[in-house]
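Here is the structure we will look at, set down as structure tokens.
Chains here go by letter, A, B, C and D, matching the order in which they are written, and residues are numbered from 1 within each.
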Amino acid sequence: MKKINFTGVFVILILAVLISCVAFSGCTESPDAPDTSENNVEKGNSDKNTQQELIIGHPWNLKSVDPGLSGSNLNNFRVSEGLISISPDYKLLPTIADSWEYVENSTWRFYLNKNVEFHDGSKVTANDVKTALDRSMKLNPELQGRLNIKELKVVDDSTVDIITNTVDASLPGKMAYGAAGIYKNNEGPEGTISTPIGTGPFKFVSYDKATDTLKLAKNENYRDGAPKLDSVVIIFGIGEPNTREMAVEKGEIDFTTEPTLGSTKRLESDKNLNVIIHPLCQGYKLKFGDVSKAPYDDVRVRKAIAYAIDRQKIVDNILLGRAIVSNGIGITPGIEWRNNNLTGYAYDVQKAKGLLEEAGWKDTDGDGIVDKEGQKFKITLYTWPQRPALPPLAQATQSMLKDIGIDSEVRIMEWDAISDRKNEWGMITVAGGDACMMIPDPSYYIEGNFYSEKNDYNYRNPNVDALIMKGRTIFDKEERYDAYREVQRIVCDEDCAQVHIAYHYHMVVTDKNVKNYIPNPAHHDYSINKDMYIE
Amino acid sequence: MRFRDIRLDDLLRNKASFLGLVIIGILAFTAIAADFIAPYDPNKIELDEKLKPPSSEHIFGTDQLGRDQLSRVIHGTQTTFKLSLIIVTITASFGVFIGITAGYFGGFIDEILMRLIDVLLAFPSIILALVIIGSLGPGILNTVIAISLVGWLYYARVARASTLSIKEKEYIEGARAMGCSEMYICTHYILPNCLPPIIVLVTLNMGGVILTIASLGFLGLGAQPPTPEWGTMLNEGREFLRDCPWLSVVPGALIMISVLAFNFIGDGLRDILDPRQQVIK
Amino acid sequence: MTLLSIRNLKSYFVTRDGVVKAVNQVSLDIFENETLGLVGESGCGKTVLALSILRLLSENTVVEGKISFKGNDLLRLNEEGMRDIRGKEIAQIFQNPLSSLNPVLTIGLQVSEPFMLHRGMKLSDAWQSAISMLRAAKIPSPAERGKEYPHQFSGGMRQRAMISMGLACNPALILADEPTKGLDVTIQSQIIELMRELVKDRKASMLLITHDLAVAAELCDRIAVMYSGEIVEVSEIKDFLSNPGHPYCRGLLRSLPLNGMEPIPGNSPSLIDVPEGCRFHPRCKYAMERCRNEHPEMYEVGNGRKTRCFLYA
Amino acid sequence: MLEIILKRIGMFILVVIASTALVFFMLHSLPGESAEVMAKYIFLGNVELTPSNEAIDIIKEKYDLEKPLFSQYVTWVWNAIHGNMGTSYQTNSPVTEEILIRLPATITLAFVSILLSLLIGIPAGIIAAVKQNSFTDYFCSTISVLGISIPSFWLAILLIYVFSYTLGLTPTMGYGDFKSLILPAVSLGTPASAVIARLMRSSMLEVMRQDYIRTAIGKGLSYRMVILRHALKNTFIPVITIIGLEFGHLLGGTVIIETIFAWPGIGRLLITSITARDIPVIQGCIVFITITYLVINFITDISYSYLDPRIGRSKH
């Protein structure tokens, strides 16, 4: 008898699982979100009465809480601040430094705001600035190279001199770089900081490495007034976008970023959620492997490819509205030093074919693939899997290139593996995350991409190099920016050094009660702000 | 019972393996005739047609690049079957070779080979595959290498075990007494008698291999787009899991069905090869 | 007194090659206090006959007919009633004790089980009874050996353990299936001696299945000969040895080493395609036209002896 | 027993050396310069940027990357023998700490999963075998074949959708109370339970046709007693071996499942370390996984010799 009962229970159990699976497939058909309001009401009530706590689900891991190693993260979560920060409209904002000026001989002088206090109540002195930056640069040689700093000198308690290796007009922008935050040096005996003390609106409370969870509390004494949130909990390492998405829909977390590509409409129509889609200073582009070698040593071939890409179609269908069309340069609209008068490359297959033909690429054997001197135009498009839009983008590119007679193959591999293939004939990298505001100064993007000594695809143009040198060494802002605008014209309209496709838009999903989130396109990928609160 | 005693009508009499055979038959036909029965070019991109739900025009809808999902799964069948056949052939023949060698000659060779197998088995195979594909790069060929590298272990074990028992049989003594060479004994006496359990393992393993190929594809390490492959398609559909469920349901269901079918056949074969299947009650 | 009476027993297996008629219309009586030998070539259905009695055949077997034991028809008894018979009233001693003993349980426990089951003993008491049973089966130092596992026993010892397990509850009938198979000749005679002693002591009846006429001659009171699923002769053992009736029995006796080892020509027929008429006629030198067409009955020959042959019709 | 233990320890050393060497040399043969990748992760936190040459040189010097591979490996082994597993490139903290801190999460998940798979697999296998060819048998068998056929990543997302999202019974992710353990354990344990159920069934069927089962029935034992006392122990013998092997698969499976459920365990650590080429951490994880695997196999071996008296004890 017992035996039969047990079988029954087992059968019922499995049936239950099956039925719920069926229910699942039923549910997916209807886009209406299930009723999660109960959950939210409960949560909202308790929050209102007691604590304003924001729970964030973050896709990546936090490796360390040492500001020398994780400076950008701590800056984005507003624990630490830099001498200078950047506003959502790309302006440099005095932060720990009140003002700054170029003195002479590669020396910049920063005057500190005397009201800035660390979380432990002590005032920020010039010495703290020197100690923090020296320490960060020592721990992170990359930062040292990037900031181009030779030495820091304390002038007095609230004045610090920064001496650069070469004359560098871009230093103030560099001081807004996430990793250049100022913090109290409270190193433990092993030389690491386990309780970071910064100057921002949120204080570090604890970090649980086992669960990769960071807890912050409001800094009551913040100089511009205490933040409205009592505490912030950041759960790191939720790598699966579907998981993040369901967690925020269910109200387990209040705030997350980059849900699945297909979800935009559904999440936007969900009454319990806020969806914020905002520009981020990143783009999608095609990068030639080597522009000094055939076939890309001919500018007509590069331009042909630029004309062959139907950017609007890509933005509408592949990037699904989370991007806007780019006219050919990787500097996001709205940035002050952007050249807004570029001609660019509007989609035009006939023009593209004509340019190829001019360059000697013709389909002589009628197989639909152009060739020249016996060489068929057969190339490989490389891209990497971490950005979900890249593989379909590469495939769309493949089909658009096919239309002008270029045959290509798509290969998806780790980013680092791609750099080994740079010398392959005709290789193109389909790239995303092309960031132009890592450092809020034109030199960052333009030097990295187009300066002869710095770019990695053999682009050489003496005019461009001269303009870049000019930009480094003159201090008049408008004159400087004009030099960079001229560079943009040359690399885009004249040389077509890279084929830019679209500007990336970033998507943040929050609970509908989370108010006052102001996206900052210059930050990667998002940051929280002091005035956020939960209704 | 010998290999030649496996009769098709026995398989057909077992309902589950009949179903399995029918499914595999249909899938195999689909794979072979993919070029003729697919209604569209599986790689033809029509961006304006993207993410269309199933309709009379596109029975399984279209994917994010507007490609016809039905044509893609049809060609995906071809990719999957071709790959798994290659892998199973490689692993089974290599594994059987090693297993018979180890079992028949015994001693030092056996000890070394078996320890090697133990070492490899102790190592989680998915991690090994991750590392291998990480170092060789993703792609069909490397998928084959990564799966084959550990796939032969089970064949070697089974072949060795059968060899050990067959080796003790009188007819082996007889053959040796008749002056047959070791090579001849291995290929003409041991191998045919090892085959039944190997055949069962092959059918069951086909399912496992299909699943591994799909897992690697899902992790983005398998076949490369635009090659249609079920796991890769699942991975591509992941970003649309809830908004366009057909993108993941169709390839996911096909993976399940084909693994299921191979398991049914394998189970049926095993029952046939073991004639005393009835139990006293 | 008849203890067990089998009437028109049919045991058929359904296989993919056809129906195997392992036992075909067998009628047989076992009397109280007697040992009946059942002899025949391997594959003639002896073992199936024994398994049919205790209903130990697999599910795909069709068993029909009537087996009366102490007023019950064993084939119509429910499962619970059958369990009360098995081991308690009728016990079976299986061939090949190595595979018939559970390798992962101690000998002592396996012998204790019938006591616990049919006598309602607790394990400790059952264990003591089991030890004395092992001692009765002449296993040396039974208290220690009871804790051992079958693989630690020698072949002869295992058979002794098997016998003590079968005889544990003093069953009225013992079905012994080739108890001496696979044993050395010296051990064989010890086992035969042991069985004779134990069976006689307990006043039990025994159906001894063997293909070895010498063993049958040692132990049995009567003998039944089976050929191709049928009983072909039943007789007192002495009469049988001195004057076998059925041509097959004559052949059997002549094939004994003592009598010149003259083989019976031909092979025993498969149990699927049994010959028309007398089953033995293809191999019989006395075969007549009638033997080919008609199936012989069991004919009384006298002195309680029956033979299935037209020679005696 | 001592012999078994010694053999195991020898085996363990062999496995650890072989697998770490394999991983070590393979990781160094990965495309792209290790130092460059490491520099990206350590200093830039973003793979899509290019590090400066100075940074790369510093990394090379700091981690001895200029030395021949073989001597790097020998140094690693030497330090490991002395209990020093090295320091994580990414976090600067000792590898042992990195692993120990995540150990409870993975151990809990793995053990609950294997427990779950045993709790479902064993009875399901027994029932299917006992009721061979009945509806229940077909049902259990079909479900277990399905269990093997469903890719676990797929099952995981399905489960989150049904139980967390639609029904709201469990949290979608995270690590903490028992509730959050259910879904990861189910997704990880389902394929294992299916394998165990199938093996249990076939092993049971095999046992049930053995002569000693007929003996037991012949003694008058009830069907249930036959199964419980005579069949089960024998049935477990082959199953035990598979449980050990399944545990290994399960550890491999944590890599995917932990990522999907944001479960802070060794699997996730391993995946992030592989992409960042944090070789000391990868090595540490491999050593840990092999140790666990071997310990489990050791336990199965012991229970094997306990279940089957023909093995191990016959010596005395």
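Here is the rule we go by: a residue touches a chain if its C-beta (ideal position, glycine included) is under 8 Å from a C-beta of that chain, and two chains touch if they have at least 3 such contacts.
Here the structure is a predicted model, which means the values were calculated and not measured.
Chemist: Using the touch rule from the top, work out which pair, B-D or C-D, shares more C-beta pairs.
Modeler: Of B-D and C-D, it is B-D that has more C-beta pairs in contact.
Chemist: Which chain has the mean of its C-alpha atoms lying nearest to the mean of all protein C-alpha atoms shown?
Modeler: If one averages C-alpha positions chain by chain, the most central is D.
Chemist: For chain B and chain D, let me know how many angstrom lie between their CA-based centres, rounded off.
Modeler: Computed from C-alpha means, the inter-chain centre distance equals 22 Å.
Chemist: What whole-Å value do you get for the distance between chain A and chain C if each is reduced to the mean of its CA atoms?
Modeler: Chain A and chain C have C-alpha centres separated by 87 Å.
Chemist: With centres defined as the mean C-alpha position, give me the chain B-chain C separation in Å.
Modeler: The answer is 50 Å.
Chemist: Centroid from C-alpha atoms only, then distance chain C to chain D, rounded to Å. What do you get?
Modeler: Centre-to-centre distance between chain C and chain D: 53 Å.
Chemist: Can you list the residues of chain A that touch 2 or more other chains?
Modeler: 28, 242, 413-414, 417, in rising order.
Chemist: Which positions in chain C are in touch with at least two other chains?
Modeler: In chain C, 56, 58 touch at least two other chains.
Chemist: Got the chain B residues that touch at least 2 other chains?
Modeler: Touching at least two other chains: 134, 137, 241-242, 278-281.
Chemist: So in the complex, the part of chain A that touches chain B is made up of which residues?
Modeler: Within the complex, chain A contacts chain B at residues 25, 28-29, 31, 241-242, 245, 260-263, 265-266, 313-314, 316-318, 385, 388, 391-392, 394-396, 398-399, 410-414, 417.
Chemist: Could you pull out which chain A residues touch chain D in their complex?
Modeler: Touching chain D: residues 3, 6-7, 10-11, 14, 20-21, 23-24, 27-28, 34, 36, 39, 57, 61, 63-64, 66, 69-70, 72-73, 140-146, 192, 209-212, 235, 237-240, 242-243, 246-247, 249-250, 252, 384, 386, 413-417, 419-420, 431-435, 438, 448, 456, 524 of chain A.
Chemist: For a test of understanding, state which residues of chain D touch chain C in their complex under the given definition.
Modeler: That would be residues 209-212, 214-223, 229-230, 233-234, 237, 307-310, 314 of chain D.
Chemist: Which residues of chain C touch chain D in the complex?
Modeler: 51, 54, 56, 58, 79, 83-88, 91-92, 94, 96, 99-105, 113-114, 117-118, 149, 151-152, 165
Chemist: For the complex, give me every residue of chain B touching chain D.
Modeler: 16, 115, 118-119, 121-128, 130-132, 134-135, 137, 207, 211, 214-215, 218-219, 231, 234, 241-242, 248, 252, 255-257, 259-260, 263-264, 267, 270, 276-281
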